[in-house]
Amino acid sequence: MFENTLFFLSAALCIIGAAGVVFSKNLMHACVLLLASLFGVAGLYAVIGADFLAASQLVIYAGGVVILMLFAVMLTGGSSENSNKFGIEKIPGMGSTKTYVFAGFSVLVISFTILKLMANFMKSYTKGELPAFSSTVEKIGTLLVTDHVLAFEISSILLLGALVGAAVIARPRKG
Amino acid sequence: MSLSINDYLNQFEAHQKAISFISELLGFDASGLITFLVFATAAFVVVNVMALIGGLGTYAERKISADIQLRQGPNRVGPYGLLQFLADGVKMIMKEDIFPAQADRTLFNLAPLLALIGVFATLAVLPFSSGLTLTNLNIGVFYLIGVSSLVGVAVFLGGYSANSKWSMLGGMRGASQIISYEVPVTITILSIVLMSGGLSFGSFVESQGGFPHQWFIFHNPFTFIGFFVFFIGMLAETNRAPFDLPEAESELVSGYHTEYTGMRFGLFALAEYIEVFVLCGVAAAAFLGGYKVPFDLGNGVVFVEKLGLPAIIGKNIGQVLQLGSFLTKTLFLYYVVIWVRWTFPRIRVDQVMTICWKYLTPIALFNLVGITLWVFAFDGQSIWEVLSHMGGGAHGGGH
Amino acid sequence: MEYTISTIAPIVLLPFFAFVINAFIVKRFTTLAVIISCASIVGSFFYAARVFFDFLNVFSADYYIHKTFTWFDLSYGSFPFKMDMGIYIDNMTATMLFMVTGVASLIHIFSTYYMHDDKRYGRFFVYLSLFTSAMLALVLSENLISVFIFWELMGFCSYSLIGFYYEKEGAGNASMKAFMTTRVGDVFFLLGILAIWSVVGSVSFVDIYQAIGMGKFNGLYALGIPLATFAGFSVFMGTIGKSAQFPLQVWLPDAMFGPTPCSALIHAATMVAAGVYLSLRCYPLMEAGHLTTFIAYIGGITAFGAATIALVQTDIKAVLAYSTISQLGYMVLGVGVGSYNAAFMHLITHAVFKACLFLSAGSVIHSLHDHHTHAHVQEMPRMGGLKSKMPYTFLAMLFCTLAIAGIPFFSGFVSKDRILGDALLMALDNKVYWVPAVLGFGGALLTAFYMFRMMFLTFFGEPRDKELFDHTKKETLSWNRNLPLLILSLFTLGAFYSGSLTGQGFIKVAGEKYEWFQTLIEKPNLLKFNNKESQAFGFASNPSSETFQKSKYDSNHGLSAEKAHHVHHVHHIGALISIVIAFSGVFIAAMMYFWRSWNPGFWVSLFSRWYRALQNKYYFDDLYIKGFIQKGLLPLNNFLAFVDMGIYDRYAVDGWEKVNRVMFTMAKWFDNIIVDTVAVDGTGASVRFFNVILRTIQSGKIQFYFIMIILVLTGYIWTLNI
Amino acid sequence: MISLSSYLFISFTLFVAGIAVMIARKNIIAMMLGIELILNSAALNFAAYTRFINNNLEGHLMSLFIIVIAAAEAAVGLAIVIRFFQIKETIHIDDAAQLQS
């Protein structure tokens, strides 16, 4: 009962958010809608018992990525002139009819493809009764430092590299 | 420590009897409905009490600042001016609701709500007492950090949507400050997680004791430093003085809520005061023993055995004592926060970032390493236990 | 008594390092450079002395040290092409080392006096060090190639030293002449080395001795000439060039353009000695090639002819230079008549007294300073009566003159007399040898005459140039001027070389023990080299005196008593003739120039044509320049130039140019039409064509890429047939 | 109701939405929003499969690593966007079609 409610709420938030990101004409709104969609995903994680994953999703996306996106929007959209020296508008549109036609075409193609793949998979899958998760944190921690320690360390190096790289790239320079 | 307030109530026979009675009455299994009702009631109560506390926060702020500045403070409405906040609320509701012409109306409406949502969502895991915890998530702290970062988004959106340069600057300052200070605060909490061995607030509190020497703040020298790192980071995260750059009156009129009027501004202010309370509660739970009462009075066993009271009454007396203990510590920290605001001058905007990245973060990392070594070297014992064992060892050596 | 490379190498390397160091520091630290040079050669002398006394006292006569390392090895399969380098020390080498280092040390010391005021004082010592080290390396060499290398290095040094005063007119030409003339001999020498290599497969002395001992040269002919003869002749041509023998003697008199100490070094210890040393080293080859008669003739002609030229020279150094040629002729004569021991002994004794003579002459010349021309005087007509001014120099020079003139009790008598005795012995055996023997005796007469003529003209009588005489300071004893002269003149005494004063056993002073030279130097015993063994470099050889018994002096020279008696008899006759000839030569000189009873002018006018011929050195220079060079070489050159320019250039080169032009035209057409138009421009056009197609695909528009990726991915998935 | 197919459908919706955003938008930041959506759909797939098929938590780890990679991608990508804007004064994707300057 509770779980179903939470699932419906989360799924609705997720899908509506995603659709909003697609159709929103305002970049700021798109960002906020993306945040809603990601919260929905976090809720979906929580429904299937992946509590650590849900919290990670909240911390990283709500606290980090979306605010970064908002910052980037602020830092790049501040000019009042409409076109740059290349003749293209400075604050690019969120899509025109042409691009939407292309996007729709691509989406159709890929939808059929994925649905074809999924249909085969659904037929072969019979739903089994598996026990719910209880407290995934310890198990994830154990797995991270035993079976997946290499990936864990590599991801730490990746993060360090991203940190340094982002700082170096975005540093204001002359010329 | 129960899993949630519902589990706590399920301990009592009366509760189970009530459930079975209602089930018979309605003709289906009413346990789910009761659970929902219990949660709804508890959440309603907690949120309203918190709103009340937030409102009283404004009163306390004005009263304490008046005390510090040798003034009277509000004293007209109600006894000692206690009802001043209600009068303010009425005034705000009655005010005209103004939208700036160029504002992004959707986001302008959304921002205060997001702030309030983020703050209220954190209340779900705040351990008021061993029973009165809405839910004791096993990733409680992580959840709290994630949800409270919604406030940063709200501040940013509030600053952006008003389409005013003061708001914009305040919003950007606020957002950058909040996500920056999350780093040392999270690392400090991580060190507490190391010592308690769990991410939930229940495990935090249960691994401490009622007496100050059993608290984590006095556990070892690193945690003592860590508490102040956490406290300073907390001040900055809540945009409190001396880190109230986003709403610096002298520079930015009023920061991200310059263009807000009426109850929207009220919601921002409320969210801020409640967030201060929540973070003070986190500090109390993580460092100051939380709801723990000395001599194990909190579980009520003493009252049942010594005074012969019924179990249910003894347990509830214990809960009240625990609630009192938690509120005492939290409100003391709340007082300190206000005290700091009216004592220290505001620092410059570059100093904010300097303090975060050049001082607090390295110190927090140092603390993390130090606490790791401490836990490894002394098997999780506090400095007092280590000292007493040393003394005992010396005494035993005399034989 | 351990012989490793570190005990022998310093003999060569000390002077060589002195050269290397001094070459860098000589400009700024001249005094230090001079000290380094002198100290290094003296140190080298001590090392050499150790080797020499070991060989003298400990080892048997046929002991030798032979150490090699592989220089390069280009052997392929069964075809050996391997060159070793190394050292070869036997008794002769040890003696040479001792002599060269000793004489060179004294010359170095004297040079500090003689060259002190020269503006290129330091540079002179740099050359001296290199010269000495090259000579020492040559002496130590174990094969002909390394001999040749150091031979040429000495050639370069003599070139530098003869042209030392390059401001002086003629010095440059003289150095060029010395270099080019010796080059003629060197070409033959190199030919000889190649001939030997072709037979032996190696140029090591040891291998050559072994090959000759095993008769490898027998029955081999090149152009109808026995190969041993050809090889021996070629090597001996090297000696002729280096030691200034009969046809190629013209360079040596001009060599006195150099500073006098360097003349002493060239004429006594190093350069000219190297030629005789080489022919002594290759003596078995000369014998195998039956060249001894030829060598004896060359030696006799040189000995006599040079002596005749020396009769009429007025330059004090020229007299000495011709006497050197003459004495070298005696050595070669000794080689030719099989007097191996005596030839080498004459090499040593001559080195000592000739060095002393040159140093004395240098002392005289250095003292005589003409204040008008600011030059040193070396013309004998301007000297005279210098005995009172330079008594010590006079004494030293007198001793040496007595030695070279063959007066008994002096070293020259001992060695030269043996050569003449052996020549007489050969002449009695074989009539062919009469000519060299008579020429040798005649040369001895002339030698005594012209040397004493020089002495009388220089030191006796009235001073002919009064002003020069008055300006000359009286000689005071100084260590670096008189000490070398003293030591060298002391060693002109014959007692140091032979106990018998005459070498023929007339009077035996201290028994057989003092005939050390006879026991030390023997002809190489070829049989011994059949089982030769060479040691690797760095391997310590530790010979013990028990193993190597000294050979005893045998007054019969290993012959039967009857034969030995004959030999002794002939030697006694030769000695008597020598003594008579020497004293008569001195008497004639004294009559002409001391008592002035006989007028030399009379004899000159009597033989006026001969006199002119002598003054013009038998027209050898004219012959070479006008005859060989202008008549022979210049037309040849012109002919070759005509072949080169007229035929080769005109037809081959210019014709090839024509061909090239035609080819160029064709290639240009091909290049323009085929390569440029079709290939290059075609490639460009095709690239441009594909560019138009590919440019539309690679637009840089990421979303287009996305669409392409999606389409391709979709197509791939649809083909999967899941 | 809470089944694998429903999760897969949500994930599919997110993925398609991401693709549509990436192709339809001309704004680099908006395209990055689409990338975030696609990454989230993948992570959601992993979590759902591991819940409904083998229950061994490895899918959680994969999702976690995807989140980590998304964070790194966002940081570096936005840094590049800001730098690009400093140079070109635009964030139009078609302005990034040149290889040089």
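To keep things simple, chains are lettered A, B, C and D as they appear, and every chain counts its residues starting from 1.
FYI, contacts are C-beta pairs under 8 Å (C-beta built on N, C-alpha and C of every residue); 3 or more make two chains touch, one makes a residue touch a chain.
Please read all numbers here as calculations on a predicted model, not as lab measurements.
Colleague: Count the touching C-beta pairs: is A-D or C-D ahead?
Modeller: A-D
Colleague: For chain A versus chain D, what separation do you get between their C-alpha means, in angstrom?
Modeller: The mean C-alpha positions of chain A and chain D differ by 5 Å.
Colleague: Report, in whole Å, the distance between the mean C-alpha point of chain B and the mean C-alpha point of chain D.
Modeller: Inter-chain centre distance comes to 34 Å.
Colleague: Counting only Cα atoms for the centres, state how far chain B is from chain C in Å.
Modeller: Result: the chain centres lie 108 Å from each other.
Colleague: What whole-Å value do you get for the distance between chain C and chain D if each is reduced to the mean of its CA atoms?
Modeller: 92
Colleague: Give me the residues of chain C that touch two or more other chains.
Modeller: 703, 706-707, 710
Colleague: So which bits of chain D are touching at least two other chains?
Modeller: 19, 23, 26, 93-94
Colleague: Where do chains touch, given as pairs?
Modeller: The list of touching pairs comes to A-B, A-C, A-D, C-D.
Colleague: Residues of chain C touching chain A in their complex?
Modeller: 703, 706-707, 710-711, 713-714, 717-718, 722
Colleague: For the complex, which residues does chain A have touching chain B?
Modeller: 1-2, 26, 28-29, 32, 35, 51-52, 55-59, 62-64, 66-67, 70-71, 74, 135, 137
Colleague: Using the touch definition from the top, list the residues of chain B that touch chain A in their complex.
Modeller: Touching chain A: residues 32, 35-36, 104, 106-107, 110, 137-139, 142-143, 145-147, 149-150, 152-153, 156-157, 160-161, 168, 172, 175-176, 179, 182, 198-199 of chain B.
Colleague: What does chain A use to touch chain D in their complex?
Modeller: The touching residues are 3-4, 7, 11, 14-15, 18-19, 21-22, 27, 30-31, 34, 37-38, 41, 44-45, 47-50, 52-53, 56-57, 60-61, 64-65, 68-69, 71-73, 75-77, 79, 84-86, 88-96, 99-100, 102-104, 106-107, 110-111, 114-115, 118, 122, 125, 127-128, 130-131, 133, 136, 139-140, 143-144, 148, 151, 155, 158-159, 161-163, 165-167, 169-170, 172-173.
Colleague: Using the touch rule from the top, collect the residues of chain D that touch chain A in their complex.
Modeller: 1-8, 10, 12-21, 23-27, 29-30, 32-34, 36-37, 40, 43-44, 47-48, 51-53, 55, 57-58, 60-61, 63-65, 67-76, 78-83, 85-86, 88-95
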